[in-house]
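Sharing a structure with you now.
First chain written, first letter: the chains are A, B and C, and each begins at residue 1.
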Amino acid sequence: MNPEVLLHLDHPLTRLVLGLVCIFAFIGLNGLVLVWVERKVAGHVQLRPGPLHVGPHGLLQPLVDAVKLIGKQLVAPAGSDKILYWAAPLLAFAPATVCFLPLPFDPNLAPMRLNLGLVLILAFSGLGVLSLILAGWGSNNKWGLLGAARAVAQSVAYEVPLLLSVMAVALTAGSLDLYEITAKQGAWPWQWYGVKNPLAFFIFLVCAVAETNRAPFDLPEAESELTAGFHTEYSGMGFGLFFLAEYANMIIVSGVAAALFLGGWQGPFLPGIFWFLVKVYCLLCFIIWLRWTYPRVRFDQLLNLSWKWLTPLALLDFALVVIVAGFGG
Amino acid sequence: MSVSQLVQEAYTGLKSLVIGLGVTGKAFCQPGVTVIYPKEEVDNLASFRGHVELVGKEDDPAVPRCVACGACVKACPSNCLTILCPVAAKEGEEGGPVKMGPAPQKGSKTPGVVIVDFSLCSLCGQCAKTCPVDSLQFSDNPYMVSFDRKDFRIDLLARLRRLAEQ
Amino acid sequence: MQAFDPKTLRGDLSAARFEPGPTEDKLILSMGPQHPSTHGVLRIMLELDGEYILRAEPILGYIHRMHEWMAEQKTYMQFMPNMGRVDYLHAMAWNWAYAGAVERLSGIEVPQRAEYIRAAVTELNRISSHLLWWGAYLLDLGAFTPIMYAFDDREMLLDILQDVTGSRLTYSYFTIGGVYGDVPDNFASRCLAFTRQLRSRLPMYRDLVTDNVILRGRCEGIGEMDVELARRYGATGPVIRGSGAPVDTRRAEPYGVYNRFDFRIPAYPQGDAMARYMVRMDELETSCDIIEQAVANLPDGPITAKVPKTVKPPKGEACFAVEGARGKIIVYVRSDGGPKPYRVKLRAPGFSNLSVFCELSRGTLLADAVSILGSLDLVIPEIDR
């Protein structure tokens, strides 16, 4: 092979572009797989088979659904703000793509090494709320408006404990780079930060479920109260993009949790990327399991939980970590 | 509220959440209860009320027991039965074409046309109950599908003859 | 297409009467006829301040099917299938109320075997109605799996009722003077097997749902009503039993053979949605008790009294009250001596239960309104008839 081409391959821009292409493919494939997993888990929890007839065990069902969604007419309701209405799904999808870049899949596969990877992820996941607001307001629909208003308060409330629990782990590891935090943990469960600091793990999980608007915290899209909340007026590809963005967000928070608390790529015998994906999928299955078990919390109970329980606990945990780090050196 | 009460509250809350996860987890591992049609079918259709059908005579199953009295037509809340039998010819018109009129008709003891409009029927059973000779019963065919409304106007005499041949 | 102009938009008549023009800082929301949680085509106009409800007004009539008018056009026996469609979830109770009214008017005495069968199938139907209510209530609150477990339990029950009546939902099994057909020989053993199975499932319901901290937060303290409020509006059934008053038509005005059964009437004093929930869960066990007693003592005999082909009650009027799953069902029949009724009045318990909603929902959150509606156990076709 031409040595000049190899030089170009190592160029940071090339790595970035290649990384983005891989990420788009990853999100797309994972979206399909996750839809199938969710519907199958939902089915079996509810004593029924889930998708069964399209392809073996329903494996082609998400593909067929995607084709159906793409083929639908793109309708906007009368009186809606066209720019906001169509910008919202795109804005939901874009930050999710960026947040995949710092995730530590494997020590050798870094599209972009940032020493502030964690901050990038937290910053861009905050942009997701903006898309909910634009969707709710731009739909010209009172139900959407209520959903959007709920989404704002919920996201703001759960950012604080999330940040605190993440900071506790970052303090223990001494870095904000996900690669370094993962490298500081070991291959076995007792070496993971999830076992050393279970309170932070628990708080992070609860806040992650709330930030991605998954049940039992799915108030902005509360199906039975708000007739689908902020995405009431969306059908076809707009809805598809929201859906895909929700699954992408779920993968991101599971990836961050796996990296921070479950040792990331560390694991015996097998290559790193395998362990990372196993841990991510275990967490995803757990989040899906939660959805099909619990009813929805009420809005003020949601905010109570965040401000009165999780934030003080996260502060307590942070203080404990500081003290332990001070003693341990 | 004291700290110990808060801790107690948090403990019972978390315990209930974990127990709930256990219930759904156990259900996940159990086999499903769905009967996957058309590979499998339910097995208790004998008592299911399908549309009404005629009962044949014991010695001649293709002929219904019906005596064209019209009681079932009167009893139906939704007017879904149509029973036509030959009208007795008036004097001077003998030999002409046989006219059909709604049951009961003088001198007519067998029906000529028996049609049930299943799209109107509410499966109440009044027709079967009112029949003096027990000529109507419920069939057990639940898989009635069609692309055409006319298929739901069921010709019961033809059906009886078809079933008697089998 | 014309753009929306708030100054000229009048809305429909009900909306205009509720709030004539655009408002400054309150949101007028029509929890419209199409909504996942209103259990039918119920429209509720809401005036919201943020998420707090200031005013609520239900608007009925979207499924008015003129049952009472139909009664005047049909003969007495032809009207029976209509009663199964008024409240399709507890069709047997409406069947009983109508048959009982006509029998009381005509002086027909129902044979003992038919009375015991009537009690057993009505209680079975009550269990199926409560199980469906439980699943649908949790669906409103956001839990998607308990409805599937409830329907799995209902399958065994519906199989029993299918073998007895031939239908699974809109039963028209009662006739004037008895029941349509005899029960099969294995009816008693199947009923006992079912009650055993249901009792063994109740702990699972308690673990998954009743003890769940999230559900308790959604139900406790929501929609508190005291007994006086319930009495003023005429609320009956689990709604008033959930406010502490153990009022049950089966005990207060016994009909059929209910005075021979020994059963408990559950009542909880708190008056909130959780109390109504617990009343209905306890009623599942009460119905199991009644079924076990009824099938154990099933006497032999005819299943219908000798009644002419065309029932022609003498001139007069009669009322019959039955305890339905939602409350007290009263059917009033007035006859002028002919084959068709002169007037049939159906008193639906859901209508009175719904009227409490306006007062209960004032000052609550929108999510609480959904919870209150679910706890009242409304079936809108019964309210609109």
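By definition in this document, a contact is a pair of C-beta atoms (placed from the backbone, for glycine too) under 8 Å apart; a residue touches a chain by one contact, two chains touch by 3 or more.
In this text, all values refer to a predicted model and were calculated from it rather than measured experimentally.
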Winner on C-beta contact pairs when A-B is weighed against A-C: A-C
Chain whose Cα mean lies nearest the overall Cα mean: C
Where chain B and chain C are represented by their mean Cα positions, the distance between them in whole Å: 26
Length of the line joining the C-alpha centres of chain A and chain B, rounded to whole Å: 52
Between chain A and chain C, centroid-to-centroid distance (C-alpha), Å: 43
Shared-contact residues (touching 2 or more other chains) in chain A: 45-48, 292-294
Per-residue multi-chain contacts in chain B, two or more chains: 17, 20, 23-24, 27, 33
Where chain C touches two or more other chains at once, by residue number: 145, 149, 152, 208-209, 212, 214
Interfacial residue positions of chain A with respect to chain C in the complex: 42, 45-48, 78-79, 140, 142-143, 145-146, 149-150, 215-216, 218-219, 222-227, 291-301
Chain B to chain C touching residues, read off their complex: 12-14, 16-17, 19-20, 22-24, 27, 33, 44, 47-49, 71, 75-77, 122-126, 129-130, 138
Contact footprint of chain B on chain C as seen in their complex: 74, 77-82, 85, 145, 149, 152, 155, 159, 162-164, 166-167, 170, 172, 175, 180, 184, 204, 207-209, 211-214, 309
Footprint of chain A on chain C - complex, ascending: 1, 3-4, 27, 29, 34-37, 50-51, 138-145, 148-149, 152, 208-209, 212, 214-215, 217-218, 365-368, 370
Touching residues (chain side chain A, partner chain B) in the complex: 41, 43-49, 52, 289-290, 292-294, 309
